[in-house]
Structure formats: structure tokens, C-alpha cells
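The structure under discussion appears below in the form of C-alpha cells.
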Amino acid sequence: MAREDGRKADDLRPLVVKAGVIPNANGSAYVSLGKTTAVAAVYGPRPMHPKHMQVSDRAYLKTVYNMVPFSTKERVRPGPSRRSKEICKVTRQALEPAIFLDKFPKTRIDVYIDIIQANAGTRTAGINAASVALADAGIPMRGLIASVAAGKIGDEYTLDLAGKEEEATDCDLPIAYMPEEEKITLMQLDGDISPEDTKNVVKLAIEGCKKIYAAQRKALEDRWVPEVKK
Amino acid sequence: MAREDGRKADDLRPLVVKAGVIPNANGSAYVSLGKTTAVAAVYGPRPMHPKHMQVSDRAYLKTVYNMVPFSTKERVRPGPSRRSKEICKVTRQALEPAIFLDKFPKTRIDVYIDIIQANAGTRTAGINAASVALADAGIPMRGLIASVAAGKIGDEYTLDLAGKEEEATDCDLPIAYMPEEEKITLMQLDGDISPEDTKNVVKLAIEGCKKIYAAQRKALEDRWVPEVKK
Amino acid sequence: MAREDGRKADDLRPLVVKAGVIPNANGSAYVSLGKTTAVAAVYGPRPMHPKHMQVSDRAYLKTVYNMVPFSTKERVRPGPSRRSKEICKVTRQALEPAIFLDKFPKTRIDVYIDIIQANAGTRTAGINAASVALADAGIPMRGLIASVAAGKIGDEYTLDLAGKEEEATDCDLPIAYMPEEEKITLMQLDGDISPEDTKNVVKLAIEGCKKIYAAQRKALEDRWVPEVKK
Amino acid sequence: MMIIQKNHIRGLASAGKRMDGRKEDDFREIKIETGVIENAEGSAKVSVGKTEIIAGVKMNIGEPFPDRPDEGILMTGAEFSPLASFEFETGPPSEDAIELARVVDRGIRESHMIDNKKLCIAEGEKVWMVFVDIHILNHDGNLLDCAALAAAAALGHAKFPKYDGEKIEFGEKTDKGLPITCKPIAVTLTKVGEKLLTDATFEEEGASDVKLTVTTKDDGNICAIQKSGSGPLAFSEIEKAFEISVRKGKELRKLLE
Amino acid sequence: MMIIQKNHIRGLASAGKRMDGRKEDDFREIKIETGVIENAEGSAKVSVGKTEIIAGVKMNIGEPFPDRPDEGILMTGAEFSPLASFEFETGPPSEDAIELARVVDRGIRESHMIDNKKLCIAEGEKVWMVFVDIHILNHDGNLLDCAALAAAAALGHAKFPKYDGEKIEFGEKTDKGLPITCKPIAVTLTKVGEKLLTDATFEEEGASDVKLTVTTKDDGNICAIQKSGSGPLAFSEIEKAFEISVRKGKELRKLLE
Amino acid sequence: MMIIQKNHIRGLASAGKRMDGRKEDDFREIKIETGVIENAEGSAKVSVGKTEIIAGVKMNIGEPFPDRPDEGILMTGAEFSPLASFEFETGPPSEDAIELARVVDRGIRESHMIDNKKLCIAEGEKVWMVFVDIHILNHDGNLLDCAALAAAAALGHAKFPKYDGEKIEFGEKTDKGLPITCKPIAVTLTKVGEKLLTDATFEEEGASDVKLTVTTKDDGNICAIQKSGSGPLAFSEIEKAFEISVRKGKELRKLLE
């Protein structure tokens, strides 16, 4: 079945990944998937203040997900919402399994994600950007985290839902995935769908993550390999 | 004159007091008076953080009074209101005279009161529950604090106002009372009533407190005496 | 051209300055300019808590500008607004150049300004009061700060705008000025006016500041000279 | 406050003495000035010794509460400006400020000082809202009595602004005052040692652990009571407080005439 | 929790054992009591072992959202009262409380448990708003399953209040229930060591770094999933979690009949 | 910043030099890209050296302010995203962010850049509201000039969304732009040592204690001024700042054409 934008069911939207876009940050990245754009910056590891918030055996990871007021069709009021607080939490927990936090006890690592333009899949785009930004910052990681949503529209398992597909799908299932370890680090579902179908949607999303992972690696190489060669 | 619910002027509403209802708390209690239900839990004494808030010669007593959103006829928005902040203060000051706070310098004792169902007399029910919870937690006390409101409807001094009686009364006068020491630890009045009548209303409320006190002692005995016997 | 209240273009409104009006404060002052009334109080230098906010080589200056709810024609909601936060900042930066903050490392100096009645020129009235209050508190200063706004109505450069003049003027230009050092410490402008005119408006405002400065000195003498004589 | 100073104040009190030479039930000098804020519909500056408070009354048109469609709305707020005491801090109203505002509010409300029905313009649609804001200028004890006095004075002198049925002309006052029925007066007794002191200073309050505020009406009835502080009271002390509050209330009420 | 205790719990789990003697996929004793709050249109107290939660349903009339003019409005909130655990604090809802409320909400919303169109009174103007508030009384693990059960039970027993087209008579209930289409049940699997435990206790949760909540409908379909915790999951674990959730969901649903 | 570095920058300035080789009144390279956010009615990404800012314009229909019934509403906000600098923190807008937004807003408002009356749809009832949001992406000094430029560019390219008199179709733009009358340009002079530098970098700002922002119109008139920082200025410095701001303002305005 044809999709709005002419993609095949297992196609991603046009994907752009760039590393090192925020000069001030220790690491940063830009990710766009179609009309959804996320920028992420990493500051740290840096000393944790006040002291009583230090964790003695590892770094404290803070993740902020923020939609810029003009990112959506109707202006978003600045400041955190219940939705954005939940996304901060699942984003942090999607990234944590990849990071060797125990290498930096008593410090903090801050990951800031700004959604510059929103058209479905902002949390997954944010995770993709954050993961590249962490690597760009030189934080030791088990692997990159890639993230995308999938669903089922009519009879077809469909990757990277966009636009009105979010309403047409039987379910909206975002995952985050670490290809190096074959592990899922984020999984949510909204919908009404059988367990068997759900498994197939997860499998499709994992394939999508692998494609994104390739683009993430490429972006880091583009940024760092020339520098090494110099 | 007959009351809505058939009580005599100096009758309390049906009273239930139970100690030890919240397993996690150091002490806890449940109190219902008619359709008003309060649950209280005590945590502490525990170390006070941050340090600069420690009081060097006694425990810091914190009291939180909270109406659960579904406790009232019209849903209450969660979070503190001006009313609830005043009640937190008078509740704390109703309990303080009974507690040997100086036995636990530099610590904090937290008293949390949730109003689960509200039909007049929530602050007094909360104090009754909190007092039993403190005793249940083994905090050394000069005595239990009992609390109830009284008023004057027509010519009659009337105990433990409920339902529409709060509108019919000349005054709404809640007190908290420590029978062991014959001391009043909370007293408020809204209304329009002569000083002589006010004194008589206070006397009636004191008698009401003594009845509540008996039920509070009974609840603590039911909870602790069998345990001691074991 | 005649002004609403009969003043000449370079006249201030009737000015009252008093020092030492808040007994509890280390220093305080009252300033009224026509129907605009500000009261300022200074507390400090006092120890700065928490410690991590201490500045090692100078005092931390805090300035709070607050409009009292009944100060305006339409009641103001209590609490800070975006406007009042900006005024706090420019007020602090108007005062800082005058104070030897480096004499009191690790302390804080608090300047509180309450606008009791508002009819144009509240920020400048507040600065005038704050400056006297600082001197009254015995804080060592390079000089007093005087402050007033000026504008241009029709062809005339006009001092100390009030009432409907704020709408008639080509610009509203408040400054703060330190006569001892001939320095400008606050300058803002709203309007639409040529650079040449702007310079002339600044010059007029400086002349206004000098008059206010004289009244500030007088107020401090009235307060302190008799005391010294005793 | 140092223990030694507290003990000194308590010792004096037990001997029937006070640091400033007053008798147990003496008030400090009270000054009341009304109409001090031109922008307010009503205002009063009241000082009791060195304690100084301004109350301002602002009015506006609003919708009545659904359960009281024919009554105006009264709102009382208090700000403890950090200007007034080293004890006060910036930020949202403290517990103490909320309590003070609510006790002053109850005195006005329960005494029916203002005939609320007369504030109704169109039942269920439009009523006058009356905002009383209390602003502390200097805190030297007994804030509550001073605030209640300032609120009563400001309400007593307030004038309705010009209103053409559509829009209020703020700043243009009519000569019509609020529908005042009586004047509630708050008198606070502060227990120091074994004595109940009237109009305690900041230092005396520091040596006390309990006080009782009793607000009375012109007819001697009580319309509001608030016990405050972490100490207890005996019934006999409450009886005594009632007697003093009624008596001193009458004296203070005269100052509002 | 001490490392040694965590390791003990993990060791037990690997051996197929639990501290309280349950099997991997056993729930603790579940008690459901409905109608416990007279002021609420619906209410239920649910305990799972020592975990105890009350859910209350309140209704009101409001305007529909502009993009859904013919649908009622459902709002789910959760308060983690500090009364319920030394871990909970006063203040605005924590990240965990928000997540719990949103996952319970998604289960109700995505399963279409309530036929929202039947909550419309006048299209674009008036609809019923249904507030579900979740209040934790004691936290001994597995809050989410317990909360979802309490919410479903409270909604299932809720009755519309009396409404004359103008005003609601709160406190007077009709005998008309909400338009319920199905009953979503949340089952959370908590990974301890290499095992996925059902209905983990507070201690077991402390020894775990990841859990997966799967909410299922009467027809066995999944309507909500949430992975929570800082650990990862393998695909095979997710498959296993689905199987257990569907199976245990059926058992739990019977308790609501 | 280290004292030694501050002194170095000041020393350079006194000798008429800057760390990056620019002259006193040189701007860094400026890039302006418009239409970067499809969901916004107008948008612009502006970089000045390494400082990078996006401004977005969103429109909506709302009620006018009662005192200006025939004028549209302009609102300007700024977020200093913690992404953009180690100095920025999460939380509500800082004092600096509020000041920046207000100074940009005054430039737009006082220059009458937008003919507000043309934003009126039905007097007293419906007007267009224009929200300008400024989002910092990287902070390397001179945020204000960059933000004002981005706001002007975004407003200049904004297009009204489709509106049928009832409802806006967000995402569908018409080809009608805002009623623009002129282009206000902010130029900030940063005093380093005894010199007034144009377009200071983050390091140069760290070595300065005062700056002056002057916003000018196409006709050379000044529409907004803001002195910022804890240092003082002499009258002669203000005169000089005016001269530079008018001159550089003209140069920058050309970039918007």
C-alpha cells in the first residue's frame, strides 16, 4: 500500500545525521527524519554540585527533552509538561544502558535535547541525536543507541510513522536499540494489536534502528576521521 | 432539637480509630468520624538534611495536611492551597505541645495526613489520627491529643458538627485538647457568638475530646497489647 | 508649552526624600515624586548562606523591586512579573557602580524596594530611595545615585514625565547618574527619536538627577547631622 | 534570641513588668491615617509602636461564586515584605503571612462587616469584588492586631470608583462608601511566663510560645479566634483572654470613628 | 538497599525462588473493595500484598477539546503520598508518579475501555469529564499493576451524579454507570537476575534494573506497553513478557467481575 | 574567566586590537537563513560568528487587550537553552533571557515595525496574535544583536496561515506577509578597557563590565536603548555609541533585504 510520501512500508523518512553542530558543547548532534528535527548537546562529565546529589560510584545522567515553542503547528508553551517529563525519563533510561557511567563517579553528564521541528517521532529523533552527541563528547559507550517507531497500517507492518499515519496505525511502537549488544533500551506502545503482530512490529523497528545506526556511525566518521587524518 | 442524623446535641458521630494501618510508616492511624476519614503516617525521627535546616536542640516537626482529589463532592485540585497551608500550621502547633521534641536533636519527624473523605471536621480528624500515629511510632509524648469541633445551633450547644450543621451553627469552634494535662493546643472560631456561649462551646468540645481520647487509647491498646502478650 | 500639572519643561514633580523610615532595616529611605512613592530598605552586609553562593572577593548585591498590589489603578497581582524582573536587574546594575562591594567579601547586601504608589517613574523613584537607603546603612559608596526620566513632547525636552505625558512623549528615557563621578549607571529608552534629540534628553535628565541628588544629600544630613550633634 | 534575654523578659512579666514600662494590658501608641494611597479605593496606614502596616482596598467587577450568586466577593491577602524585617524573605507568601491574611479575613467575613448582598450588581452575573491587601512596613510585634485595624480602617474609608455599567474609571472615586455594618477588632494576647500580655513587641513574642487572637464585634460578640504558637493554653487563660479582648476591643474601636 | 541483599534476591531468583516463597509468576494476595469513598462517583481500594492503593473517579461537565467535539474527556492523575513510603516526598508529582498516571491512562484510553462518544452531551459544547485519581497508601512494589486495577475497578463501579441539564447535584448518584466496553489489565514483569518476576515486591524492585509493563484487553490484544528502568531487554525477554502478561491478565480480569 | 585572560583582552583592546584580528567596529561573519522551520509561520536562523540563534514566528487568533481594541498583539519570548552554553541552566527564563526578550520586543514595538492596526480582524473581538520566540543554539557573545536580527528576519518572511473566519489551518500558509513598516536593528557596544567594541565575543564580554544596546530604525532614529552590566558609562561614550550604532545598523539592515 502506498504511503502519503511515497515510501515503502519498511522505508525510513529521509535521514540526516550530523555530529558536532554546537561549538560550545562537549559533544553534539543534529538529526532530522523528514520534517522532524532534533538537536542534542552533551556537557560533561563535570563536577556535581551540590555535593549531596553526587552519586558515589557513577556519574549522574540528566536528560532534558524540550520542544521549542515554534516547533509545532500550534505554538507550544515553553516549560515542562507531563508529557515532556515522561519523555525525559524514558530517554534517560534508553541511553543509560549504553554508557559506562561508572567510569566517572561523583560527576554529572547532561544531555540536552531540543526539538526544533516536530512531525511525529520526536522522542526517537531526540534519542538518535543524544546518542551521537554522547559519542561525539568522547563518553565511553558500549555502543550507539538508535531509535525509531513502527506500527501496522491495514495489513502492513510500517516503519517510521509520520503525519496522518499516527492515526491510521493499529499501534505506535517506538523502540530504542543497541545493535552492538542486540538489546532494546526503550519500548512503549499505544494501540490495540495482537501480541504476534506486536512482535513483528518490534522486529521491523529493529531493522529500522540498524539503518539509523549506520547513519549515526557515518556522521561520527565524517566528523572525526578527517580530523584524525590531519 | 433533633439532628439530621438523629444524634443528641452532645453525641459524636460514629467513631472508628485504628492504629498501625500503613505498614511502611514508623507509626500510623486511621480515624473516621461519620463520613470524614483521615489517615496519618509518621516517619522519623530520622536524620535531617540538608544540615543547615537541623535544629540543634530538638527535632524538627513537619506536618502535611492533604485532601485527596476525590475526597470531596467537587474534585479538589491536587497540591497545597492557602487553606491547607493554614491547617498544616495549626495542626503542627496542636501536636507540638504533646511531643518531647528535645529528645531527638538534629532530626526530623514527619507527620503526613491524608484526608480520604471529607464531610466536615477534616482538620480535627487529621489531628486525632496524627496523635495516634505519633504514639504508634513510639515517639515519647506528654499525652495524646484529641480534637473535635463544637457549636451552638438554636439554643443548643452542639458537638461534632456535620453536614448542614456547619451553616446552621452560630459558630464553628474546633479545639485540640490534651486530657492528661488539661490543656488546649488548638483553638479556632468562625462565627458570631457571645463570650459566655463561646466558653460553654469550649467546655462541650473538651468533653467530646475526652470521648475521642478514650477511643484513641483503645486503638493503641488493640494494636500493642496483644503484641506484648505474644 | 504648559504641562498638565503646571510645571515647566525642566521641573521635577514635588519631591520628598526621607532617610531612616524603616526602624528594623540597617538603612532605609522614602522617596515621593508627585504621586509616585517608593520605600527602600537595606539589610546587610550579612553572612551569605548557603555558602556555595558566596562570592569570594566581594559582597553579593541583591535588589528586589516590588509593586504593592494597591499601588496602581488596576490591582497588581502579587509576585514577580517579567517587567519587575527586568527592573530588578537594571536597578541592581544602576547601584553597583556606586558601592564598594569589595570591602565585604563573602557577604550579601539586600536592597528591597516597595512601590507604594505608582504614577510613572517607579523604577527611578526606587533607585533614588535605594541609593539613600544604602548610604543610610553606612555602606561605603563612591557617591549617591540619582535617577529620573526625561523625554521630548512636541518641541520641548521635558523632565520627569508623569501621567499622560508618557503617551505624548517621543521617547521615555530613564537614566541613573552619579554626580560625584559624572557617570551614567542606568539608561533605557523606548520611543522613536533622533540621536541628536536623544543626547539632549540625556543632558536634561542629568540636570534633573543633580536636583534629586541635592535632595538626597539633604535627607541624609537631616537624619544624621542632628544625631552627630547630640 | 538569646536564652538569657528570653528569661529576662519572662522574669519581668512574672513581676507584672514590661521592658518598655507598659502595663500587661497596655497598647503602645496607635496612629491611624486614612486615604494615604490615592490609587487605592481605600487605604490606611496604621502604626502600633514601631510596627507599621498599610492596608489598601481595590475594587473591581467580577462574576459571583455559583453558590452565592447574589453576593459580592471579598479577598484578603498579606505580603510580609522583606523590607520590614530581617526575618522575612522574598518569595510566595509564608505560612505566617497566609495565616495572618486568613484570620483578618475571617474577622471581616464572620462579623458581616460588609453587607455582601449590597455588592451584587446583577444576580449570578456581576458583583463587586473587594480586595484587601495588607502590606507590612516594619515588624515590631503584634502584626495581627495592627493589620486587622488597618484593614478595618481602609474598608471604612473606601469609596466606590466611577462605574457606568460597562467599565470602571479607576482613579475617579464616587462619594459612596462600602456598606459597612460593624467594625471587627482583633486583640491578641501573648503568653509570656505566666502572664497574658496585650500588644506584645517583637522581643516579647520571641520570649513567648503561644498567643490567642480574639476578634470582637461592636456588640461584644466574638467573630473569630485563632490560637497560634507551639505552646498550650489552659481554659482559665482562654476565659481571661476573652475578657481582655472584649474590653480592649471597645477601646480600639473608638480609634476608628 | 545493600549490595549483599540485592545479590541475595538475585541469587534466589536465578534458582527460581523468591523471598516470600512465591513462584516466578505468582501474584501476592489481591483484595478489591469498591465504593469505599462516598463522595466519589466511583472508587476502589485495591491491595496487592502490602501495596495498597485507592482510586477515585470524579465527574463534571466541561467543554470538549476543539479537535474532538463529540467526545468526553478522561484525565488520570496520580499522587505518591509521602504517607506511603519513606521514598516519597511532598511537592509536585514526581517523574515516577507522572509516568504511572500516564501508563494507566494509556491503558484506559487505547483500549477504549470507556466509549467516549457516549460522554458527549451537546456536541462542541458540553461533555462529561471523567477524572481518575490514584492515591498510593502503602508502597510495597508493583504500584503500576495495582493502580491500573484500582482505576479499572473504580471506573467499572462509577455512577453518574444527578444532573438536570444545568447543574450537577454532587453527592446524589444515579444508577447509571459509565459506558464500559472492556477491562484493560496491566501486568508488569520485573527482571531480577535472569528471571522475569511477576508482581515484584519493593525489595525485588530494588534488586532489578528493568521492568516491562504490558496492558492487555479482554480479547488478548495489547493496548499499552512501557519499558521502565535503566537496564536493557532482549527480544526473547519481550516475547516471554507478552506470554505471561496475556495469561496473568486473564486471571486478574476475573477479579473485576 | 581567569584575571590574566581578562587583562590580556583589555590590553589588546587598548591597543586597538582584538583576539580574532577584527577592528573595533567589525562584526564577525553574519549568515541569515529564512524559512528554516516549516511549522512556523516565519523563521530565521542567524549566525554571527559562532553565535547561532533561531527565531520562530507563530500566529493565532485572540482577543485584543481592552485598552487597545483595534490592535493585534505581539509577544516576544526567549529561551536560553542549556544546550547552547555551559552557563545556561534548565528552568524558567533567567533574568538575562527576560531582559533580552524585552529589549528585542521594545525594538519591534517602539519602531512600529508591524502595523498593529492591520492585525485587527474585528474590533474588540478578534485580532491576530504574533508570537516571536527566540531560541539560542550556541552562545559566543553578542546574543542580543543576533536575536534582534533573527526576529526581524523571521517577521519579515512570515506568512499568514490559512484562516476561514472560524478556524486556522495551521501548516497551510497563504502568501500574505505581515504588515511590515521598517526594520529595527540592534547594535550593542561592549566596553573593554577604554574601547567600545562592536559584536563582542563571549570572551570579550567576560572582560567587560558594561555594554550599551542601541536599536535604530531605517530613518536613523533610535527606538530602543538598554544599558546592561554593572559598570558605568560617560556621556561621551554614549555619544560615540550612538554614532556607531546608526552606522552599523545601516550595514546590517542591508542583510535583511
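Should a chain be cited, it is by its letter among A, B, C, D, E and F, assigned in written order, with residues numbered from 1 in that chain.
One rule holds for everything that comes next: contacts are C-beta pairs under 8 Å (C-beta built on N, C-alpha and C of every residue); 3 or more make two chains touch, one makes a residue touch a chain.
Quantities reported herein were computed from a predicted structural model and do not represent experimental measurements.
Minimum number of contact steps separating chain B from chain D: 1. Taking the definition of touch as given, a chain qualifies here only if it contacts chain D and chain F alike; those chains are C. Against reference pair B-D, the listed pairs C-F, A-F or C-D yield one interface repeat, C-F (criterion: more than half of contact pairs the same by residue number).
When each chain is reduced to the average of its Cα atoms, B sits farthest from chain F. Centroid distances built from C-alpha atoms place A farthest away from chain D.
Look at where the CA atoms of chain B average out and do the same for chain E: the two points lie 32 Å apart.
Centroids of chain D and chain E (each the mean of its C-alpha atoms) stand 48 Å apart.
Here the spacing of chain C and chain E, counted between their Cα centres, is 58 Å.
Multi-chain contact residues of chain D (touching two or more other chains) are listed as 93. For chain E in complex with chain A, the residues that touch the partner chain are 93, 95-96, 98-99, 101-102, 106, 109-112, 212, 217, 220-235, 238-239, 242-243, 246.
Chain C meets chain F in the complex at residues 82-83, 85-86, 88-90, 92-93, 96-97, 171, 173, 178, 181-195, 198-199, 202-203, 206. Chain contact summary for the complex, chain F toward chain A: residues 37-40, 43, 50, 54, 56-58, 60, 77, 79, 81-86, 90, 92-93, 131, 133, 135, 137-140, 170-171. Residues 22-25, 28, 35, 39-41, 43, 46, 64, 66, 68-75, 78-79, 110, 112-114, 116-119 of chain A are the ones that touch chain F when the two sit in their complex.
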